[in-house]
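Each of the next two complexes has chain A plus one other chain: chain B in the first, chain C in the second.
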Partner chain A sequence: MMKQAIASAFLVVAAIALPLLIGDNPYVTGILITLLMMATLASAWNIVGGYAGQFSFGHAAYFGAGAYSTMIMLSVFNTNPLVGMATGIVVSSLIALVTGSIVFRLKGHYFALASIAVAEIVRLTVLNLDFTGGAQGILLSDVAFLGLDLNSKNPFYYGMLSCLVVTLGITAYLRRTRTGYYLQAIREDQDAAASLAINIAYYKNKALLISAALTSVVGSIYALYIRFIDTTAVLDLRLSIEILLTAIIGGVGTLWGPLLGAALLVPLAEMLRSNVLGDAMVRIGIVSETSPIGMFFKDGLAHAHVLVYGIITVLCILYLPKGILGLLRRGK
Partner chain B sequence: MLFLQSLISGLLTGGVYALAGMGMSMVFGVMNVSNFAHGDLMMLGMYLAYFAFTLLNIDPYLSLVLIIPLAFMFGYVLEKVFINRVIHHPHQNQILLTIGLGLIMSNSALLAFTSDPRILTTSYSSSSFTVFRDVSVSVPLLLSFIITCGITALLYLFLSGTRTGMALRATSQNREAAQLMGINVSRITAIAFGIGTALAAAAGALIAPTYYIHPLAGHSFLLKAFTICVLGGLGSVVGATVGGLIIGVVEALSSVYLSSDWKDVVVFVLFLAVLLFRPQGLFGKKGDQ
Partner chain C sequence: MTRKLLCIDNVSKHFGGNVAVSEVSFAVEEKQICGLIGPNGAGKTTLFNCIAGYYPVTSGDIVFNGLNINRKRPDQVCRLGMARTWQRVKPMSNMTVLENVMVGAFASTGALRKAETIARQELLVVGLENYAGKLAGSLPIGLKKKLELARVMATSPKMLLLDEICGGLNKTETGIILGIIRTLRERGVTIVFIEHDMKAVTSICDNIVVLSSGEKLAEGTPVEITANPEVIAAYLGGGSSNA
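Up next is the complex of A and B:
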């Protein structure tokens, strides 16, 4: 326990100091921001998916609610970004409450199905309405907040880092409270938990609300960071699936698993996207650049990161159902 | 007239949806697995029909004779190699495994066939005939509906009349009891997944002449197939038939009276409404939700 606290304090200090070490390298900082963002999203997902055992396939809806609320409040009402963030929390909590009140009296896989349906309803609604920018999305030229230089990437690095610390802190706290134990009891055996007079729907809803609010805040920061959003970027089913895969591959229902998953998958996806792997294979001489296979590795792999996620998922479920963290623990 | 027109085209499309829904229901009933790769299996069926037509010059409806056995074998192997290993795992793992398999299929298709949508144009693709006054029926939709009815009839005959069909139904009712009666449950399970895959691919091939063929086309069909199954009652093959027709009609009516942008929203709202008011579906048994 003590050891873990010291280790986490060390990690936080290292993460705070990291931008100073990197210096002015927007490319690396950009990857780190994505890493922190996926880690936070997967950790927030883990509260309801890992501890309560309710697999959400629609977390993009909460992320998108945060992103869209912030952008609309900024571009239409010209408010402070914090107002947009708060609006996002309210909107995503409402979406979570509607989803939860419909399906949380039913068993596991109904929630999985309903969460996709709700997320698709949100996506199509945003796509078909006018004030959300429809298929064109929303572009924002300039943002001011607390006099920070928002053209630099460092404020967003620290913003995402704070989100991650808060999310992991809430998870670590929840684990030791009555709510946390109830959630794990529900995950292990819903009927047994109900027979012990645990209000199942209430605790599942509570977990989903916390998770949705955290996800929404990350969405708001993302919108300020990229300053352009559309439904494919922030509301797509693909994003929901990437969030849950990050948590699963790292280790579902554990504190550090989602962070580990993001630390592995984000650099991997970046390597595939920027073609480091394909180039390396050509350079080492495994494949020749002119052969069809070589051309496939050079051009095809750039679009293949979701394919690789799929392969890793299948391998993980068959051989490491407890994620990579589970494998590390077993080794002890 | 507009109402009658959209009712007819809704029923015809709904028939094909029903086929996909039955496949998913069969897998759910026998294996108790929610198959998230179902939409992608449909997508593979679409491409099979497309390539059979463009490369081998086989009519898409005729190519079913090849596609159905091919898809059955593919599903059988898929079950033996992958799904079989998680059949006693928690639901979440089964869902994730099928998602992973689906991602592999759709993204391999994306790499192999690029993201350009393809269109399968036959000589009769846009032909239609007038039933009376201004109500007309599209020829490809009618053909695919007739074939769907044929496949459904064969499936019912198979399930009710053959020993394997009875074994499938017995396994669906009670896996352990079926095993005790000497049924080879693991073989039946693979057959069920094979049939589910064959039905998905057949549905894909049947709608190929009237839809855009795209590697990610499976996503929207996956949700539709789930809606159909939940509406009819998860695991009920009869329910899936009725559910498919209802969804087809709802979609057609809402695209006429609302707008085609909102037709999917209407279908998903209907899905949530079923979960809220009748989670066991129209034909499901109460108590297992």
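Up next is the complex of A and C:
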């Protein structure tokens, strides 16, 4: 317990100091921001998906709710970004409550299916409304907040880092409360949980609400960071799946698993995209540049990062049901 | 004059055209141990599921502690003071033994420390104190049954519904479980239990209700039931079913 607290504190200090070590390197900072973002999203997903065992395939809806609320409040009403963020929390909570109150009384995979349906409804609605910018999305030329230099990446690094710390803090706290125990009991056996005075629907909704609100805040920060959003960027099913995979590959139902998943997958995806891996293989001489395999590695692999994700996921599900964190723990 | 804690009044449960329980009535007095017996398919577990809130009854009334609980959810029924165990044990496999019992204890307290204290006490009662840190899924069946008992007792119930708590256990283990049930009765808990082992039932029950094909066949003390010719024909000496 004590050891873990010291290790966490050390990790936070290191994360705070990191941009100073990197200096002015927008490329690396950008990757780190993505890493922190995916870690936070997967950790927030983990509260309802990992602890309560309710697999959501539609978390992009909450992310998008945060992003769109912030952008609309800023571009239409010219409010403070915090107002947009708060609006996002309200909107995503409403989406969560409607979904949850309809399907959480049911057992089994209904929630997983419904979460996809709701996310698609949200995406199509946003795509077809005028004030959301439709297919064109929303572009924001300039934004001011607390006098920060928002053209630099550092404020967003710290913003995402704060989100991650808060999300992991909430998770760690929940694990030590009645709610945390109840969520795990529901995951393990819903009937047994009900027979022990646990109001199943209430606790599932609670978990989903917390998860949705946190996801929405990350969406808000992301929108301010990129300053251009459309439905493909923030409401796509692909995003929902990536969040889920990050948590599963890292280790569901554990505090550190989702962070570990992001720490492995985000750099991996970046290496594939920028073709570091393909180039390296050719350079080391594993494959010849002129052979068909070599040409695939050099040109094709960059477009195949989702394929690699998929292969890793299949391997994880087959051989590491408790994720990479489970593998590390088993090794001890 | 003892008080009736649970009244089953003309309860029927149909699944489509299938009649699983048909107009069954009986009452359980406070601090009694009531046995519910009958051949396989007699409707015992279905009746349990109705009482505990898992199935809505088709007709009739279930009154617990003066309150009609026909429309209550399982968690509400448990909150009112009636807890159940499962014929096929349902441990929370990836949680430790202690955590399993703490989940039960959280029914009466929101504080982690308090829940842990209650849980450790109940583990002591059933003799699982040395397994507290083990994963529940790793226990053998005999210990899982004990875990079920500790977990429901941690909810501090007035009444326990035990569904074949001795099922699949050997003689020694059955003896231990019956001993635990007796100590629970001394703590003031009323118990209804489904059991196939007639020796276990007659040794511990004050009152026995016999179900057959969904209907109540007989009710009485163990001596009356074992002497009842109808019960012997339908169940005890029935040949087709195992007693």
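Methods note: the second predicted complex is superposed on the first by the 332 of 332 C-alpha atoms of A that agree within 3 Å, B and C clash if a C-alpha of one lies under 4 Å from a C-alpha of the other, contacts with A are read in each partner's own complex, and residues count from 1 in each chain.
As a convention for this text, contacts are C-beta pairs under 8 Å (C-beta built on N, C-alpha and C of every residue); 3 or more make two chains touch, one makes a residue touch a chain.
Note that the structure is a prediction, hence the values are computed from the model and not measured.
In the overlay built on the shared chain, the residue A:Leu139 is in contact with neither chain B nor chain C. In the superposition on chain A, contact of A:Ile198 is made with chain C only, not with chain B.
Of the two partner chains, chain C is the only one touched by A:Arg178; chain B is not. Considering which of chain B and chain C touches more of chain A, the answer is B.
Applying the stated contact rule after C-alpha superposition, one finds that A:Asp189 touches chain C and leaves chain B untouched. No residue of chain A lies in contact with both chain B in one complex and chain C in the other. The part of chain A that touches chain B in the complex is made up of residues 53, 55, 102-103, 106-110, 112-114, 116-118, 120-121, 124-125, 127-128, 237, 241, 248, 296, 300, 303-304, 306-307, 309-314, 317-318, 321. Looking at the complex, you find that chain B touches chain A at residues 34, 82, 85-86, 89-93, 95-97, 99-104, 107-108, 110-111, 219, 223, 226-227, 230, 261-262, 264-265, 268-269, 271-272, 275-276, 279, 289. Against chain C, the residues of chain A that register as touching in their complex are 176-178, 181-182, 184-185, 188-189, 191-200, 253. By the touch criterion given at the top, residues 52-54, 73-75, 78-79, 83-84, 86, 90-95, 99, 102-104, 106-107, 110, 112, 115, 151-152, 155 of chain C touch chain A in their complex.
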